[in-house]
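Take a look at the structures listed below.
Two complexes follow with subunit A in common, the first pairing it with subunit B and the second with subunit C.
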Partner chain A sequence: MNYNQYTSRLLERAVNEFAKLPGIGRKTALRLVLHLLKQPDEDVEIFSHSLTSLKKEIFHCAKCHNISDQEVCSICSNNKRDASLICVVENIRNVMAIEATQQFNGLYHVLGGVISPMDGIGPADLTMDSLVGRVSSEEVKEVILALSATMEGDTTNLFIYRKLGDFDINISTLARGVAIGDELEYTDEITLGRSILHRTPFRSSLNNS
Partner chain B sequence: MYLKRLSLVNFKNFSELDVTLSKGINCFVGDNGEGKTNLFDSIYYLSFCKSYFNPADSQNIRHHNDFFVIQGEFSKADQSEKIYCGLKRNHKKQFKRNGNEYQRLAEHIGLIPLVMVSPADAALIVDGSEERRKYINGVISQFDKLYLNNLIRYNKVLLQRNSLLKEFARNKRYDEEALDIWDQQLAELAGYIHNKRSGFINELLPIFQYYYDFIAAGHEKVDLIYQSQGIDTNWLEIIRNARQKDRILQHSTVGIHRDDLKLTLTGYPIKRQGSQGQQKTFLLALKLAQYDFLKTISKIKPMILLDDVFDKLDNRRVTQLIKLVSEEHFGQTFITDKSEQHLAGILAHIPIEHRVFRVNDGYITMIENGDQEN
Partner chain C sequence: MNYNQYTSRLLERAVNEFAKLPGIGRKTALRLVLHLLKQPDEDVEIFSHSLTSLKKEIFHCAKCHNISDQEVCSICSNNKRDASLICVVENIRNVMAIEATQQFNGLYHVLGGVISPMDGIGPADLTMDSLVGRVSSEEVKEVILALSATMEGDTTNLFIYRKLGDFDINISTLARGVAIGDELEYTDEITLGRSILHRTPFRSSLNNS
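Now for the complex of A and B:
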């Protein structure tokens, strides 16, 4: 059976749109579209409305560039959070990952990527200037660099470090070392070597949970 | 450490093979194209998980077959290690140690130290500097994972910096600040790699000269000179100074990716100065020095595979070479030659365990057993 032959142009158009989504092939797209066809009208209405309003009404937080329903996101506008602490991350998924740890009570700054000339991404394509603006105008005491531990991540860290070098703030970066629950013999040599060099006082490891 | 038993199924021109080896010297004799080098390649596989010659694994399957299997039983400190390597066409290569499959091939590399000496090594002398950097990188990476890691990082930084330079040219712009961070990373890594390389060459040189003198049994002065654009501390400065040139050429003209190793005989390049026999001796000494290095680091005697080493060498050098490898100093040795006369003549005078095999169109027969227990 040829799945590319449809009896309806409308059906074909819907399938084409679904197939543009990541991880969705044409067969899956067809299954989803046929499923939607069977649903009550109002359900499909809600579904399509949620998509159009998502795109039209969503904000990128004016301060941290996280996605938000308002001009300023719920994290930045929460006055129980420590505004002197800014954690710099690559994307919105990283904000979610750090929020899920429940260990961080400061604010974020979403860069929107890391510097990588091979992918055509330079400092100007990131929210770098806005970060410098925040550090100079707000009462920031510490900036935590929480980018991926890749060469591009490290390079971006270096760039930010140089940009913020003139301000009287602490700049820290995530600790790198043996993962919790890992057997030492299965830890790669580079990570283990770094863990030995950057070992921490035992006392400080006692109260961490 | 030595290989006790080797069995092959459908590997290159071997349909089936099962051979028990001597822990001393193993000689394989036979005409061209009978499979001597293929046999060596299978042993190389067991150590490095890949072919010495052909990077496409599936091309090592015997024609008209769908899989190959290489199995080796090693004896390491009186313990048996069974290594299995299997490849089915269109499937992932499988590697097992004592029945357990490896998740990552990198975990296996280093378990069975081995040095291969092959006529293909001539590329080190005649080809461009890349071959010589590959040799240096290969030897250092075998015992220094941090070096390998930093080398990979260096190459990535280099790619990124070159992309940036091309982007500048394309958009007719120039951004010092953006270049700064790449220069700094490049310089830091270059300093580290430079340091390691020059340290390594310094340690290798006397060992290399010792082996050359021994085989040549003469007074030919050979040298290895590490050539680099910088010294370990001034990389940032010279990379910065090259910026204008790099901008025009749109790639990085300064760095350890331009390093070379100058190989000289009596002060002149061996490539032009050396006879074929001298070049061969040079390569042999280089590989034997690598062997020594590996032995010191791994604290066990690696296996050494000498493929067609007697070609181009005069009789005196051949005798010296055999004398050398039959010393206590070397572990299990594999040698190929076209006929047994060279080897038989020499082995008769040296009291060492050995076996001689004849390789004939994918089959092997033992023609001499010089093992002591027999």
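Now for the complex of A and C:
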């Protein structure tokens, strides 16, 4: 159905703004705006204030480039975390995903993307120099490359590996293999092939479960 | 995955606000907020201003209760529309849906819902009195009941039919039948049954197509 005719320009403007968000079509945008219209004035005020204050008051951590309320984020400024271990990720959602596992106690480095010539993203668009700076100045022992298992991710991994090749540190990547809960017949061939090549001693799988 | 740990309270607050919207979960909310965070300051300002100004400056049309920028909406104040014909709908989205068909040239009356004892919505919660007022004071010749084909819609139809029974007007409802493009074997029995009972002369279907 074609919803071109709005009886109110204010309504149309708000719908247009919502429809700019990723994955939000005009019909969903209208539903969201009409929902907000039914809410009390204060609630809409709080909603819109939360966005402007987010935009104005937020920092990117000076060390790891994670989103933060202070100049240095709560992870980087936490003394209980292992500063000799840096996990390189693409974006803040990856930080949250890894934090949610509660299996990592080091620091992060948010690249802000991966090298992708197709999208015009080169090493200079990422926080690559800052990573090299951290490795050369801090007491880093290991860098974990936790990028997506895509071609762009692999390219970026290789680029970082070469950049950090002169430093006396370990460089590791995430283990690739059959995901927990996956059925073998639905696992793709490359993953399955790699998981046979890089098979682990059965004893170590007992310790982790 | 569990995304409980935000490294920024500002971020968390914005995500919480988005997650209050219908059909938006916490993961989608995070995606939307991170998208806004990447936009220029002005764009976020415009986005949030469009919401507050919508809430503050919008009117509900004094005649038909449609959403409007003026006290009387652009449909009600349009002299070219047939004021003797009132189409009763549940909400503004229905107004837009019917306007999009370009088949209706009368005015609307937005009820604001349908009678639903389960949800605690009675006739007093709707713009029922205002509808009776319009019919008694204006030169209305026909009221079209265009509510949903649900039990609540039918109940509301019947209620309005009785309320307006004393006036010398025609009361009609939307034609029910097999939707255009529908295959007969997938049409539900009640709709199919009704569409046989209320079959129309073949000649009239030729005129409409």
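Convention: the second predicted complex is superposed on the first by the 202 of 209 C-alpha atoms of A that agree within 3 Å, B and C clash if a C-alpha of one lies under 4 Å from a C-alpha of the other, contacts with A are read in each partner's own complex, and residues count from 1 in each chain.
Assume a contact is a pair of C-beta atoms (placed from the backbone, for glycine too) under 8 Å apart; a residue touches a chain by one contact, two chains touch by 3 or more.
Keep in mind that this is a model prediction, so the values were computed, not measured.
The larger set of touched subunit A residues comes from C, when the choice is between subunit B and subunit C. In the superposed pair of complexes, A:E139 makes contact with neither subunit B nor subunit C.
Once chain A of one complex is fitted onto chain A of the other, the partner contacts of A:D168 are absent, as it touches neither subunit B nor subunit C.
In the superposition on chain A, A:L10 makes contact with subunit C only, while subunit B stays out of contact range. Of the two partner chains placed by superposition, A:E185 touches none, neither subunit B nor subunit C.
In the superposition on chain A, A:C73 contacts subunit C only, with no contact to subunit B. By the touch criterion stated above, subunit B contacts subunit A in their complex at residues 145-146, 149, 153, 156-157, 159-161, 163-164, 167, 175, 177-178, 180-182, 184-185. Subunit C meets subunit A in the complex at residues 1-11, 13-14, 16-17, 20-24, 28, 30-37, 41, 44-58, 61, 66-69, 73-75, 91-93, 95-97, 99-100.
By the touch rule above, subunit A contacts subunit B in their complex via residues 115-118, 120, 122-123, 151-152, 154-155, 158-159, 162, 188-190, 193.
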